[in-house]
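This report concerns only the one structure given below.
Here the chain labels run A, B, C and D in written order, and each chain numbers its own residues starting at 1.
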Amino acid sequence: MEKETGRLEAFSDGVFAIAITLLILEISVPNLQAAATSTDLLVAIGHLWPSFVAFLFSFFVILIMWINHHEFMRWVRVCDYQLFFANGLVLLGVTFVPFPTAVVARYLGTGAARGAAVFYCGTFFFISLAYQILLRSVTRRRRLLRDDIPDDLLARAHRAYNFGPLVYALATGLAWWSAIAGMALCASLWILWARFRYRSFEAM
Amino acid sequence: MEKETGRLEAFSDGVFAIAITLLILEISVPNLQAAATSTDLLVAIGHLWPSFVAFLFSFFVILIMWINHHEFMRWVRVCDYQLFFANGLVLLGVTFVPFPTAVVARYLGTGAARGAAVFYCGTFFFISLAYQILLRSVTRRRRLLRDDIPDDLLARAHRAYNFGPLVYALATGLAWWSAIAGMALCASLWILWARFRYRSFEAM
Amino acid sequence: MEKETGRLEAFSDGVFAIAITLLILEISVPNLQAAATSTDLLVAIGHLWPSFVAFLFSFFVILIMWINHHEFMRWVRVCDYQLFFANGLVLLGVTFVPFPTAVVARYLGTGAARGAAVFYCGTFFFISLAYQILLRSVTRRRRLLRDDIPDDLLARAHRAYNFGPLVYALATGLAWWSAIAGMALCASLWILWARFRYRSFEAM
Amino acid sequence: MEKETGRLEAFSDGVFAIAITLLILEISVPNLQAAATSTDLLVAIGHLWPSFVAFLFSFFVILIMWINHHEFMRWVRVCDYQLFFANGLVLLGVTFVPFPTAVVARYLGTGAARGAAVFYCGTFFFISLAYQILLRSVTRRRRLLRDDIPDDLLARAHRAYNFGPLVYALATGLAWWSAIAGMALCASLWILWARFRYRSFEAM
C-alpha cells in the first residue's frame, strides 16, 4: 500500500520549523545584580558568545537538513511504511538538536569545551546515519520515485551522503583533541553542502 | 451539518508536531562546577539516561499515535461535531505527554521510579480511551466514511483498539510492582502496533 | 485590494496549535528530596491539582476559540486589511493565554487564589472584546462574505457574541469574591458555547 | 533550476507562528511568599509591565514582518537558491526575536534599561538588513516574479525598505541616550508601516 507524501511533508516541516525556533529558548538572559549598568548588560550579553555560536551553528544545520529533506521528498511519488519510519528516525535527530546545542552553549567557554563539542559532533554523526537510511528508503525501489528524476542525480546524492558519516566521525574524534577544530570541520561540511546544492541547482 | 477534514487535520498535525518537538525541552543541561573537565561532562550526560529513555519512548509513541490518527482521518469523508470533540480529547492527551515524560526523566533513576512509571503508563491508559472514543466517532455512522473503506478494516481496527486500554491498564498495575516491567509492556505494545501497521499495509 | 484567506488561516491555525501545546510547559515536575518514595511522588503529583485544572480550562477554551475562529473564516470570501489586524488582535489574546494559565496554576491553591482568578477571567474579557472586533470586521461588508451564508446566521452570531464580554465582566467581578465561582462561570459559558455550536450544526 | 514557493512559505509561516507564540514563555509568573494575598498578586503582575511592553512590541513587529514576508512571497512566481538562503537569513532574525524581548522584559525597569533597548533596537537593525537582502533576491530578476506585479510597486517597496535600516540605526543610537526614545522610534516605524500597507492596499 502506498500513500501520498502530503501530510508526511507537512508534519516534517512542522517539526523542522519548531526545532529551529526552539533553539533560542536555550539562551538565557544574563542575571545581573540590581545595580548593574547598561554597559554591564551589554558586556554580559557579549559573554554569551558560546550561546550565539551554538545558536548560529544549529540554525544553519537545521536549515540545510530541511532543504535536503525537501529535496528527497520532491523525488518521491509514493510513500511506503519503511519510508515513514526512516523519516521518523530523521525527525528524532532533528528534535534532539536543541539539547546538544544547549550543552555547547553552556560549556564551550569552559574547561569542558571538548566534551561538549564531542557530544555535539557525535549527535550529527548519528543524524547523518539517519539520513543515509532515509536516502536508501527513498531510492530503494525505482517505482517509488517520480519518473523525471535521473539516475545520475541519485548516484551523486549517494556519493555526497556516504561522505557525511565519515566526516562527522572524523569531526567527533577531532573535537576530543580541539573543540574548535571539531566544530569547524562540521561547519566546513555545511558550507560545502550549501555550495554544492547551490551549484547543482544552478547547473540544472 | 458536515465539514471537510482539511483544517482539522492541519490543526491536529500541528499539535502532534509541536508535542513531539517539545519533548527535548524537558532534558536539562547538567549543571557542573566551573572546574569540570570534558570527561566529567560526558559522564554527566551519560547519567541523564532516564531522560533519554523517556525522550525515546515518548517520541516513538507520539509518532505512532500520529500515524494512527492519520489513518483514521484518511477514512473520514465528512466530519461532524462529535468527531470534532473526540479529536479534541485525543489532542488533550497528546499535549499532556511531555509532562509524564518529564516525570519519568526526573524520577526513573530514583527510589520513586515505580510512581513515575505508574503515572506514565496511566497517562497512556487514558489516551487509549480517547482513541477508543475517536474510533467510535469515526465509525459510528457509515455515511461519514469514504465508500472505499472495507467493513472488515474497521472491524480489525476495533479489535486492535479494544486491546489498547486492557494492555495499558495491565502495564499501569505492573509498573507499581516494577517500573521497568510496566514501561517494557508499553514499549512492546508500540512495537507490536508498528509491526501490525507495517504488515497490514504491505498486505493491502 | 483583497486577498484569499489561505495563509491567514494557516498562520492562525499554527498559533492556536502552538498555544494549546505550550500550556503543558507551565506544569513543572515536583521537586522531591532524594529519599522520596513512589507514594510521595504520586501524592506530590496530586497536589498539582490547580495546575491540572488550569491546563484543562485553558485547553478547552483555546479549542473552542479555534473552532469559532474556524467558523468565522469559513464565512469569509475575501479578506481585507482591517480583518488582518482584527485577526492579529485575536491571536495576541490566544498567545497570551499560557501566562494567566500559569498564574492560576501557581496560585489557585493559595491565599492569592482570588487575584489569580480575577486575572484569568479578565484576560478572557479582553479576548472576548477581540472576538467582537473580529466578528464586526468579518460581517461589516456583505460583499466580503460567501453568498451562501444566510443573514440570520450572522444575526445569531452577533447575539451570541454580544453575550460574551458581559458574562466575562461578571465572571471577573465574581472571581474577586470567590475564585471558584468566577472560574465556574467562565466554564459554564464554554460548555454553553460548545453545546450551542453542536446544536446549531445539528440543526443545519 | 527553480521550485515552487509552497513549502518555503509553509515552513516560514511555521517559524513566524512559533516565534510569535513563544514570546509569552519569557514572562515568568511572579514568585510570591506563601502568605501573599490576592492584592499582592495583582500588584506583582502590574510590576511586570516591562515584560508586557516587550511582549506587545515583539508581537506586533513579528506580525508586521509576517505580513511583509507574505507580500514579498506573493510576488514570486519561481524561487531559486539565492532566495532560499536570503529567506533563511530573515528566519534567523525572526527566531532570534524572543531573546532580545526577554532582555528588555528583564531590564527595562532597571538601571540597565538603555543597554537592553540598544540590544533590542540593534537586533531589528540587523533584521532590516536581512529584509533588504530578501527584497533584492526577490526583485533581482524580473523573470522570477509574477507578470501582474507592476514595476512601480517594486520601486515603492525598495524606497520603503531602504528607509528601514536607517531608522533602526538611528533608534539604536537614540536608545543609548534614552531607552524609551529608542523604543518609541521603533514603534513609530511599525505604526507607519502598518498604516502604509493599509493605505496602499486600500488604494489598489
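Following the convention adopted for this analysis, a residue touches a chain if its C-beta (ideal position, glycine included) is under 8 Å from a C-beta of that chain, and two chains touch if they have at least 3 such contacts.
If you're wondering where the values come from, they're calculated on a predicted model, not measured in any experiment.
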Task: If a chain touches chain B and chain C alike, it appears here - done: none
Open item on the list: Using only Cα atoms, superpose chain A on chain D and state the rotation angle in degrees, rounded to the nearest 5.
Closed with: 90
TODO: Taking CA centroids for every chain, report which one is farthest away from chain C.
DONE: A
TODO: Taking all residue numbers used at the chain A/chain B interface, answer same if over half belong to both copies and different if under half do.
DONE: different
Open item on the list: Using Cα averages as centroids, what's the distance between chain A and chain B in whole Å?
Closed with: 26
- [ ] Could you grab the centroid distance between chain A and chain C? Build each centroid from C-alpha atoms only and quote it in angstrom.
- [x] 36
Open item on the list: Where in chain D do residues touch at least two different other chains?
Closed with: 10, 14, 18, 22, 25
- [ ] Report the complete set of touching chain pairs.
- [x] A-B, A-D, B-C, C-D
TODO: Spell out the part of chain B that touches chain A in their complex, as residue ranges.
DONE: 9-10, 13-14, 16-18, 20-25, 27, 29, 32, 34-42, 45, 55-56, 59-60, 63, 66-67, 70, 74, 194, 197-198, 201-204
TODO: Name, in rising order, each residue of chain D that touches chain A in their complex.
DONE: 1, 3, 7, 10-11, 14-15, 18-19, 22, 25, 80-82, 84-85, 88, 91-92, 95-99, 102-103, 106-107, 110-116, 118-119, 176
